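Listed below are the structures to be examined.
Look for chain A in each of the two complexes below; its partner is chain B in the first and chain C in the second.
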Partner chain A sequence: MANFQDKIAKLFPQATIEGDNMPMISIPDNQWHDLALALRDDEDCRMDYLVTIVGMDWKDSFGCIYYLMSSVHNTLVSVKVTTTDRERPMLHSIADVWKVGCLYEREVYDFFGIVFIGNPDMRRLFLSIDWKGFPFRKDYNEENPVSIENERQSDLTYNYVELPDGTVEKKEIEVFHPGDFVVNIGPQHPATHGVLRFRTAVDGEEIKKIDVYMGYIHRGVEKLCESLTYPQTLHFMDRLDYFSAHNYHHGLCIAIEKAAGIEISRRAQVIRVMMDELSRIASHCLFIGTYCMDLGATTMLFYTLRVREQILDIMEKTCGARMTFNYDCIGGVMQDLDPDFQKDVKALLAVLPANIKEYNKIFTGNVIAKNRMEGVGYLSREDAISYGVTGPSGRASGWACDMRKLQPYSIYSELDFDEITATEGDSMARFKVRMKEMEESAKILSQLVDNIPEGEYCVKVPKVLKLPVGRWFTLVEGCRGAFGIYIESDGSTKPYRLKIAPPCLPLAGVVDHITRGTKIADLITIGGSLDYIVPDMDR
Partner chain B sequence: MQDLSTITDAIHSFLLSFLPGWLTTTVECVLIGVGLLLVYALLALFYIYYERKVCAAFQCRIGPNRVGPWGLLQSFADMFKILIKELIHLNHIDKFLFALAPYLVIIASMLAFAVLPWGNGLQIIDFNIGIFFLIAVSSIGVLGILLAGWSSNNKFTLIGALRSGAQMVSYELSVGLCIVTMVCLAGTMSVGGIVEQQSDLWFIFKGHVPALIAFVIYLIAGTAECNRGPFDLPEAESELTAGYHTEYSGIHFGFFYLAEYLNLFIVAGVASLLFLGGWMPLHIPGWDAFNNIMNYIPSVVWFVGKAIAISFIIIWFKWTFPRLRIDQMLSLEWKYLLPIHLFNLVLMVCVIIFGWHF
Partner chain C sequence: MEVTTKSMPYEAFKDNEYIEKLVNELKESGTNVIVGSLDKLINWGRSNSLWPLTFATSCCGIEFVSLGAARFDMARFGWEVARASPRQADFIMVAGTIVNRMAPVLRRLYDQLAEPKYVIACGSCAISGGPFRNSYHVAKGIEDIVPVDVFVPGCPPRPEAMIYGIMQLSRKIKVEKFFGGVNRQEKQREFLAQHPVEGVND
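Moving on, here comes the complex of A and B:
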């Protein structure tokens, strides 16, 4: 760690480095691109995974905080780049360094209006193209930002190029070629798993290009959180990836507890981890069912829903809800476990292996299923990292990216479980990794089910919770990948900025890359195997 | 075995006793048409119920059980709903072809009904190229599907129609070759003749190995011919929403829906005709007592029962297998089924020439 800090300091004398555990490098904008290349390629850094870009408005300046992670050294680093120009804020793009950067920069542009010089696709990402202003700016007070006219459909995107004399020129680029046959798959389509829209240019059955349109269920969760107190922000976590509601709650709770210095009881930790793993099994069960349905095998859905139903019953008894649980809270969990909890979990663990065996018998070995999935949608390890594809999809490409192992939180470091990885990188591998992850989750559950310690389930926390001034970043493992929470506090009861780094946004961003040249039917296979959840990417 | 032609002959002579010859033929045609429509509607309703129940059994469910005893009236209710639904008029479509397409599809399957051997003597028309007529008329259906997809002026329907065209034209070859193989064994193209030939033993036993190969290939190709899973690419729900009939509503959609089930019955009926003896009861040479008992079961029951049993296998496919991709489906036909079947045809000819069959 110190080694690479010295190196950066030597190479970029203008950079300032603060903090030791998760250092924050501040760098002027004109050197940022070089630093980015150095951070990615240098042997001591190898920061090849761009976790997220946090757009910021500090009132006197705009800026971005880039969170970078190394897949080799497992180190986290953040880089802060700012601009004081409030009229035409511009920063240099790093879309060519990390491929997922293109998407993240579009998000920052959408919310803060920061233009990224060199980004090949500088459009809005979530908001409609005729939205007035940039809503995340602190001085934003547009009364009626939504146009009452029909939304225009534009096939144009923009690229800002820096000329040698330092001026910036705006160039128009056509998204599709004039003669392309463009099919709209979505926003209402059975296989997009939500309101996601793929504008697909096809040549016969072959896909030439996909332009992903998002934001149909964008609710501005991050903006809403800025006007809510910390305990209130928790409720939104259920409504992002609704299948990993527990995991996301857990993530935000850890972030707030870390910031406020709250220690929670071991009983609460065990309960949280058990709930996380139960949701993981339920989520993967639903994945297998809907994925098979996407491929045309409708019957599998009913087989997998049986297990999911059992888990939802367990959740219902303890949390009182089957979908938006709102169970984890700051300081522990909302209420104590149901008396039947241990018995029910044991009953689940007893039937799970037989069910998994049955799924494999019905579907995995089927020759049609093999033909549809094997070799389809290949994603290499390098691309998976560069596109930020985490979770089971990233692990299927051979990237060990399980945050439970890389950044152990709660009691995961004490538990005995394996991180499932595969090397094939195709849809079949993504399917199988999830299948095996269910077994690993069951292993965790069986270690904990008889060892739930006595104690209080929720520690006392102040009624009015204020976080000290500062910034915190936490990563947890959701059911679909790494889920990051960034909190910046100005010392009040409400977050100054709460950024959610969802795993599903990069998953949707990689679709274009891996579907090029495949068939329309493969788009369904690939989209299904990535298993994105639209409310999670749109927020 | 009761010969049902005595009844039809009696009706014929009764009509002839007070009507001139041309009017008799006209009246008989109308009667047959009405009867056919009735059978058609009832069969479709039965099939909808049947498929839903079978599907439910595969999926650990109960299936329709609310409307009427055991949910028997469910498909009547569904059909009534489709009948009273609005036909939504679309702009920017080829209105004539759009309206014509469902009728083409349904006419194709209705014409095929004309030559099915419903029972002993109960066949609408029996002429020397009956099976040839069946292949010819069932090919009209693909025209309706292509028209439906093209005239809807929608990208999904167009892709669905093109898939369907490629699929049905390809698999018609295999179906045709299966029929040719069995016609070789029968030595006649007349449907009645083919059934008569199986009076001692069904073809699937008589032709043993080549007949068995033909039967398996026929089942695969037949499933593809009626656009059912795992070959339901033209209407692949998760890819093309509903494929070629996305834009249809009301009874026009109902026609496609009915035709799909009726095509299932026709494919199963032809399979029972070619391999399981049509209406012919199970006869085993030398077992006279057994054969006589079998003869007590009415011929109509034999035919419909066989068709439903084969339909069960096809429904089973649909609710078990995932869908194929278009290139895999075409390579299955052109690289595997067709060469295997060309070889099978030669094998069958050898079997016949050298008298290796039973």
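Moving on, here comes the complex of A and C:
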């Protein structure tokens, strides 16, 4: 780590580096692109995974904080780039360095109005083209009422190019070629798993290009969080990826506890991890059911939902709800475990292996399933990293990206479980990885179920919780990939900025890349195997 | 008149005053015997084969999936045929938050439903915007976008609550007067007069 810091300091004398554990590099905008290339390609850095871009409005200036991670050295670095121009804020794009950058920059542009010079697709991402203002700016006070008039559509996108004399020119580009035949899929389509829209250019049956339209369930959670106190922000985590409700809660709780310096009891940690793993099994169960339904095997849904209902029963007894549990809280968990909890989990563990065997028997070996999944939707390891595809989908391409192993949190470092990876990178591999992950989750549960320590389930925390001035970033493993939480505090009871880095946004961003050249019927297979949750990507 | 459905005891329903009000309205307007009997027959058929549109934007949609699966099994009530096309569905169960960008789409789906059509607002987001009410990009309830027949509260409502909601809808359909133009067409014309749609030609 020190080696690489010296190198950066030598190459970029204007850069300042602070912090040791997760260094923050501040760099002027005009050198940022060179630094990005150096960070990605240098042997000592190899920062090849862009975790997220946090757009910021510090009132006197705009800026972005880039979180980068190395898949080789497993180190985390952040880079801060700012601009003081409030009228026409502009930064240099890194969309050509990390492919997922294009999507993240569009998000920042949508929320803050920061234009990225060199980004090939500078459109709004979630909001309509007629939207007035940029909602995440601190001085935003525009009125944008709900309308039932059809949204104005445009086939144009923009590219800002820097000329040799330093001025910036805006260029118009057409999203599709004039002769393209464009089929609209969604937002109301049963196989897009929610309200996602694909504008698909096809040549016969072959897909030429997909333009992903999002924002049909963009609820502005991050902005809402800025007006709520820290304990109040927790309940939104249930409603992003509603299958990973416990995992997301866990992530935000860790971030806040780290910032406030709260130590939680071992009992609470064990309970949290058990709930995380239970929800992982339930989530993968539903994935298998709906995915098989997408491929035409309706019966599977009924088999997999049987296990899911059993898990929901366990959760309901303890948390009091079937979904949106709101169970993890700052300092531990809301209530103690139900007296039946251990008995119920053991009953689940007893029936799970037989169930998984049954799923494999019904579906995995089926010749139709094999033909539809094997070799369909190939994603290479390099592309998975560059597009930021984490979770089971990334692991199916051979990238060991499990945050439980890479950035161990809670008690995961003490547990014995394997990280499932595959090398095929096709839809079948993504399906099988999830199937095996259920077994690993069961392994974790069986290690913990008899070892739940006594103690308090929730430690005392101050009634009015204030975080010190600073910024914190935490990564946890949701059911669909790495889930990041960024908190910036100005010392009050409310977050100055709370950024959610969801795993599903890059999953949707990679659809265009994977599906190029495949048949349009395979779009459903590929989209289903990526298993994105639309409210999670839109937030 | 005790309006009930699916062999449920009349007392098991919580808001019978509302249905009784509808029944009284029906009685006051008066119907002749033959037309009234035909009404009853048609309403019986309709109220027992309600086909929902597969429409889900967020969390509530997953409970709707559970509702269709073996444990809650809405098939036993005749509601199982969830259609992906609005042209074949009877009602929309608006399961989830409706945001600014989705509002015109929901409106269009509603317009595409064949008559007679019904709407159930499912979950607090569809009723009032729920936890996201103060957001810059969320509709404060769907009543401004489409007329609603039944509200099902919850976040998300349990599948049992959804079953109760659809039963309420089927009771409502049972006291409709089919002949003589009490139907939705009237209501829709009224609604459209209040909410003119510009730029939509179909």
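Methods note: the second predicted complex is superposed on the first by the 531 of 539 C-alpha atoms of A that agree within 3 Å, B and C clash if a C-alpha of one lies under 4 Å from a C-alpha of the other, contacts with A are read in each partner's own complex, and residues count from 1 in each chain.
Heads up, the rule we're going with is that contacts are C-beta pairs under 8 Å (C-beta built on N, C-alpha and C of every residue); 3 or more make two chains touch, one makes a residue touch a chain.
On a predicted model such as this, the values are computed, not experimentally measured, just so you know.
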Partner chain(s) touched by A:R306 [first = chain B, second = chain C, both, neither]: both
Chain B versus chain C as contact partner of A:P120, first or second or both or neither: neither
Chain B versus chain C as contact partner of A:V183, first or second or both or neither: first
Touched partner set for A:G455, first chain B, second chain C, both or neither: neither
Contacts of A:K223 with chain B and chain C, given as first, second, both or neither: second
First, second, both or neither for A:P231, with chain B first and chain C second: neither
Partner with the higher number of touched chain A residues, chain C or chain B: C
Chain B and chain C contact sites that coincide on chain A, given as residue numbers: 189-190, 301-302, 306
Chain A contact footprint on chain B (complex, rising order): 58-61, 155-156, 159, 163, 229-230, 232-233, 236-241, 319-328
Of all residues in chain C, those that touch chain A in their complex: 54-59, 61-63, 65-66, 69-71, 84, 86, 96-97, 99-105, 107-109, 131-132, 134-140, 144-145, 155-156, 158, 195, 197-200
Residue ranges of chain A in contact with chain C within the complex: 126-128, 135, 140, 144, 146-151, 187-190, 194-195, 215-221, 223-224, 227, 235-236, 238-239, 242-243, 286, 290, 301-302, 305-306, 309, 322-324, 534-535
Chain B-facing residues of chain A, complex: 181, 183-184, 189-191, 202, 205, 292-299, 301-303, 306, 362-363, 366, 368-369, 371-372, 519-524
